[in-house]
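Two complexes, one shared chain (chain A), two partners (chain B, chain C).
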Partner chain A sequence: MDFPGVLANATSSQFLSEMARFWSFQDGSVRTSAAAMLLLGVSCGSLGCFVVLRRLSLVGDSLGHAVLPGVCLGFMVTWSKNPLWLFVGATATATIASLLIGTIQRNTRLKPDVAMGLVLSGFFGVGLMLLSLIQNDSRGGQGGLNQFFFGQAAAISANDLMLIAGVTAVIVAGVVVTFKELAVSSFDEGFAASLGLPTRRIHYFLMALTGMAIVISIQAVGVVLLSALLITPAATALLLTDKLPRMVMLSVLFAAFAGIVGLNVSSLSAEVLNGFLDVVLTQVGRSGLELSASRMSTSPPTGPVVVLILAMTFLTALVFSPRYGVATKLFRRCMRVRAARAGMEGASE
Partner chain B sequence: MTSAGVLVADVLLAASRLLPSFDLHEHVFDLWRGAALPDTIWTVSMGGLVALACAWLGCFLILQGQALLGDAISHTVLLGIVVAALVTGSVGSGSLLLAAAITGLLTTSLIEAIRGASRIKEDAATGIVFTSLFALGVLLLSTLASKAHLDPQHALYGMLEFVPSGEKSGIFGFPVPVSVLRMFVLCLLLLAGLVAFFKQLLVTSFDRQLAESLGMRPRLIRLLLLAALSLTVVGAFSSVGAVLVVGLLVAPPATAYLMTDRLPRMLAWASFFGVASSLVGYHVAYWLEVTAAGTMVAVACFWFTLAFLFAPREGVISRLFRQLVLRVRTGHENIARLLLKLGAIPECPPVSLKTLADSGDRPLALVTTIVQQLRWRGWIERVEGTGGGGVRLSNRGLDHARRLDRAHRLWEAYLVERVGIAHDHVHPTAEEIEHLLDDQLVARLDDALGHPGVDPHGAPIPRVPVSEDRPTVFALSRLQVGETGRLVGLSPSVDSPRTEPQTPETEAIIALRFKLGERFRVVQRDVAGGTWTITLDDGRRIDTPHVLADQILVDVEANTAGAAG
Partner chain C sequence: MTNSNSPPPCVEIHDLTVSYDKKPVLWNIDVSLPEGELIGVIGPNGAGKSTLIKAVLGLIPADSGWVRVYGEPLARQRRLVGYVPQRESVDWDFPVTVRDVVLMGTYGRLGLLQRPGKTERDLADRCLADVGMADYRNRQISNLSGGQRQRVFLARALAQQSKVYFMDEPFVGVDAATESAIIALLRTMKREGRTVIVVHHDLQTAPDYFDSILMLNMRLVAFGPTAKVFTPELLQKTYGGRLTILTEAAERVAGTRR
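Let's turn to the complex of A and B:
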């Protein structure tokens, strides 16, 4: 379907102009948010590889939820969204959360997933309580903390960007310097320990870096879907290659791609998106669904859009990956069957 | 560092200024009377019913290691509800059933498909599936907000407060909110399922292979569990929201798991904590004017914190306390045994605290404290005399000290004889384990070693008399070669692990033709062969099997008081 073609002319030209404005990067705020998405792609994409290889996917999810009370407390310091205080608060609660997860695991017979589920929901519950306290207060009502649920990348300010850049630099430096240790211990913790590597310390180092990456991502993708930015690009990369450096590179690429395209989609105005929706709905509408009343009132939040784009890249890789793709494997089996049949025919002649 | 402290204090102060003052009447009692009553009842019972259903399912999820699935389904349910609302155009019961089916099937089959088709592990597969489906749900919802009567944030933390104002239907003339009714029916169904399949659920949760081999079809059970989970999450969704359902699925069962080892009790505790979270959460939320569902989950996690610290067996503080008690006991027992070693026993000269401290290499202050505590316990008596007097064991203390000494030496004998450790290496472990062995274990050790008279270092092992009021009466098996005594009785219940009366052997004793009061001498002990040989005064020589020797009571009073002391 040629969407712009079927769009009403007015919407179509608006769509084109909005796209042009985004991709020319003339707008300062677009430049800021795009740069931020790129940096987040670098930090989350690279750390995600180790998180996925170590089967710690739930950690991203629980730390992601655990920053909410920190963000609220950080907001309460100045009663404004001061990036530094939000960062401090978020880092503090993320640290406490990861320490708590470790404490629960060491001192009870509860499995790790239960410990993380507990911390995740407990912190989120407290976060919601704080949030409603803030919203009840005259100073906090218009604070706009709600956008931390699903993210609003367009709201990233120049100050935020400085912070993101600084933290990303720390993360990249950390990953580069300890790459060998991280790699060995991610594939085989026992082997790493037998080499004399401090596996426990490496684990906590990775946790700390992941916590930082999560904290700088909340503004862009929100606390609820944060874990996808860590897991999905890395898992996609894992489908495409066996080499860790290449996996990290691909993962960063996917994360940054999804981030910027997601930013683009969520920066489109509601009219343009509604135009698209109309097209889709008139197509599907024939199958008896009465949806025509549906309308977006505002642009969608960034988080879900980015996550869906990531999901699409993952799905594509799952099906078409040159080595491990479902379709590729099927195709190869067909070829083999054909070759075998040809061989049999050749033999029977 | 100080500025950080000041900052934390500032933030906490700012937060505390936001807290309204708590008034028991206004925030608790008044909610249960008059016009506020219906609201309170419906909100609390909705929260309680959701918590109950989640608690029951959560117990099995936790035991089967499936907590992550609960997390996933509680997120993906949003998509299910939105799609169902799209297809049926309503948010009624039928549409919710459809939503549950979509959610459960879609989530699990996608996770399985990804795992099956690639090398992505379960945790990452689950993470990818639920974030993607949730994102899709949020986006659909933001385009359909007007139709589904939901908005994305509502989906995150629910609206427990709106339960009383929701659509109602009349039951026996009372208007009951439909959502509460729905959840009530679901809880009844779950309860029925729980009772009907309890055995299957129990076995499947703890030992899948056993369940399989018993023909219990664990796959079917898990499928049923999944269906129940989807239904519960859908029913709970509008009131508690996605993320908080996870809290109710995980927190009360995890708390219960710290309280008990038994599944029925775990279910009961989880229900208790769930309902208590609803009740307390509601009042706290009303007091702070904050979200009810969020508070409920925070309270549930608060119960967990309490259990984590104070649960009788698993609690961190409880364990520390037990360690402390053990340490104190060890200190007490060490001093008692030291006194025994120094010969400060009843009727003997006491030792001064200084000597006690020096010979045990302990600080005098510590020894003084312990001695004081032991005097309170009646283990030690103070004797005035020349040079400031001193302390010695009381009869009670002597008994304890002997038991310890016995455990210590028997353990050493066991390590040397049965484990084959060199005799100069066994002291340190015996020093620790003497405090941990109970009487029954010591009796078993003694029996297994053939009731030895001396330890590997050649020191005598104290014997324990049959009863405290007859200190010279022992079982025949406890006597060493050369000892003499008088036969005084027969008891199947001597302090020995083999206490069951054994009729054939009792007959055998009669066959030995002992006479009460007859004197004898032990001439041979064949521990490996299990035979004790004695000669009677009239020259008869009798072989007694070990089991029998454990049951024959003898009095050694007429001779040297034995190896005791």
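Let's turn to the complex of A and C:
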């Protein structure tokens, strides 16, 4: 049978059983990584709103890349993925990077985007060097550090989860306590300062929380695509609402949704995914296009899958947002033209 | 009250010097502003008018000098001071409604974790009614015109319930209706005993609007009652060569009309 909409029977039943296994959360490891994705959604989703509204998106990206050398150095302390040392290393290089960005901006004529671009690539380069050093070392080859590139949420341990939960608690408390101050200083920094609010400290406070959120997200989504978890859910939410508290809630929702569904997809076995691939390739083949049939040998890393889901939610909002959607605007214009035409006809009669 | 020594001036600026990148923009500003007046700050572009306001409010660091509000350093008198920044200084696509912006005026009185409640919302709605924007309270701010945005900023300042106000170019780019609404509002504020310091660029309207005028061109050129300081000599001193062209043009226009 070559009905393309249906997977081969064996694959289909395997797909269903894998889905059932995931969504019943009966495996301890699935529970751990799903809880981690939920918490990361809360951290990155909420902080991302302020990062986007303050036009600091590039800062998120820079910090994301700047943690790589720190992670490598943290790894080299014990030659294992000890969450505490990785956290210390990542926080250290992220701090150095943000200080460096500030120093370059203040003391040279270079603009912020240039300073961030320089630091981002420089730190990432150092990180790559350290990574290849580790992988060529007999102690590091099987350490699994390469998972930090694109993320492997399934590898999140109970210890990692404890750290993620603790940091998320700090972030949520920080955002809740200073919500009003974050809001007013993001909207109008001069006015906030005239009220006597310590705007500079608020900025560094937000940056510190963002740095922490980035560090705990490395294992799940990887350094390369880290900033997407901060920026995309917040950007999607901004297209859907005109109220800041609602924007934060929607952003958290999108980030957590993409995290858990992404985890689900990346946990599917290679056979099931290859089954889907077969269906797609058959369809493409029918349209006359010849694609070399590549196959997966392992499950895909979590980072790209999560980012893909985030990108799809963003595109949906971009097109169908009730107020700012492309399709919505088009539809409204059609209705207006029709109404105007009807009005003209009514007047001429 | 029969007090032998006069009360401290509303705002006292002493020897204020400010520079950007080691280039001085304001030199030794030394002036005392009286209470209960509408005070215009005028001067050419780059004279440091906005800088003066920002430095007085402590938004940019001063190289030297100090500022006192009712005899005390500003840090202790924040609640007595209201501020209306330039309209272009904020992102009007920010996800807040008109009333949310006005509520920000009350944030100075609320502590951490404290959210604006019914008292604050009622106050915000009254302030919006005072500037004729009551019907817009649930609108998103990006849909407002320039004049409406200025009124929202004024309503936010009213919600601060301060005694001294600093306004940075509130009349720039607003429609005639908003301009007269703003000046009516300023006069009401004056009647309530508040002091309003306004950065202004329009020399035509300045003498009608303000009780006192502060003329600035990096240094303080003059400060005093409008009738006394708004003279061709002092204007000339403030604006330098540029004003001659202006006045000549004005005289020529007046001449052809005659």
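Simple rule for what comes next: the second predicted complex is superposed on the first by the 340 of 349 C-alpha atoms of A that agree within 3 Å, B and C clash if a C-alpha of one lies under 4 Å from a C-alpha of the other, contacts with A are read in each partner's own complex, and residues count from 1 in each chain.
Note that in this section a residue touches a chain if its C-beta (ideal position, glycine included) is under 8 Å from a C-beta of that chain, and two chains touch if they have at least 3 such contacts.
Quantities reported herein were computed from a predicted structural model and do not represent experimental measurements.
Enquirer: Overlay done on chain A, so just call it for chain B and chain C: clash or fit.
Expert: fit
Enquirer: Could you say whether A:118 touches chain B, chain C, both of them, or neither, answering first, second, both or neither?
Expert: Touch partner of A:118: chain B, not chain C.
Enquirer: Applying the touch criterion given at the start, work out whether A:159 contacts chain B, chain C, both or neither, answering first, second, both or neither.
Expert: After superposing on A, A:159 lies clear of both chain B and chain C.
Enquirer: When the two structures are overlaid on chain A, which partner does A:193 contact: first (chain B), second (chain C), both, or neither?
Expert: The answer is second: A:193 touches chain C but not chain B.
Enquirer: Once the shared chain is lined up, is A:177 touching chain B (first), chain C (second), both, or neither of them?
Expert: A:177 contacts chain C only, not chain B.
Enquirer: Would you mind checking which one, chain B or chain C, touches more residues on chain A?
Expert: B
Enquirer: For A:80 in the superposed arrangement: first (chain B), second (chain C), both or neither?
Expert: neither
Enquirer: Looking at A:26 after the superposition, I want to know if it touches chain B, chain C, both of them or none. Which is it: first, second, both, neither?
Expert: In the superposition, A:26 contacts neither chain B nor chain C.
Enquirer: Name the contact category of A:241: first (chain B only), second (chain C only), both, or neither.
Expert: In the superposition, A:241 touches chain C alone.
Enquirer: Considering only C-alpha atoms, give the closest distance between chain B and chain C in the superposition, rounded to the nearest Å.
Expert: Result, nearest C-alpha distance in the overlay: 7 Å.
Enquirer: Both chain B and chain C contact which residues of chain A?
Expert: Correct list for chain A: 238.
Enquirer: Looking at the complex, which residues from chain C come into contact with chain A?
Expert: 54, 57-59, 75, 78, 81-83, 85, 89-91, 94-97, 100-101, 104, 107-108, 110, 112-115, 140, 156, 160
Enquirer: For the complex, which residues does chain A have touching chain B?
Expert: Where chain A meets chain B, its residues are 52, 55-58, 60-61, 65, 73, 76-77, 89, 104, 107-111, 113-114, 117-118, 120-122, 124-134, 136-137, 146, 149-150, 224-225, 227-228, 231-232, 234-235, 238-239, 277, 289-291, 293-298, 300-301, 303-305, 307-308, 310-311, 314, 318, 324, 326.
Enquirer: For chain A, which residues are in contact with chain C within the complex?
Expert: These residues of chain A touch chain C: 53, 176-178, 180-181, 183-184, 186-188, 190-197, 238, 241-244, 246-247.
Enquirer: Over in the complex, which chain B residues touch chain A? Could you list them?
Expert: Those residues of chain B that touch chain A are 7, 10-11, 14-15, 18-19, 62, 65, 67-68, 70-71, 86-87, 89, 114, 117-121, 123-128, 131-132, 134-136, 138-139, 142-147, 152-153, 156-157, 243-244, 246-251, 254, 257-258, 285, 288-291, 293-298, 300-301, 304, 308, 314, 316.
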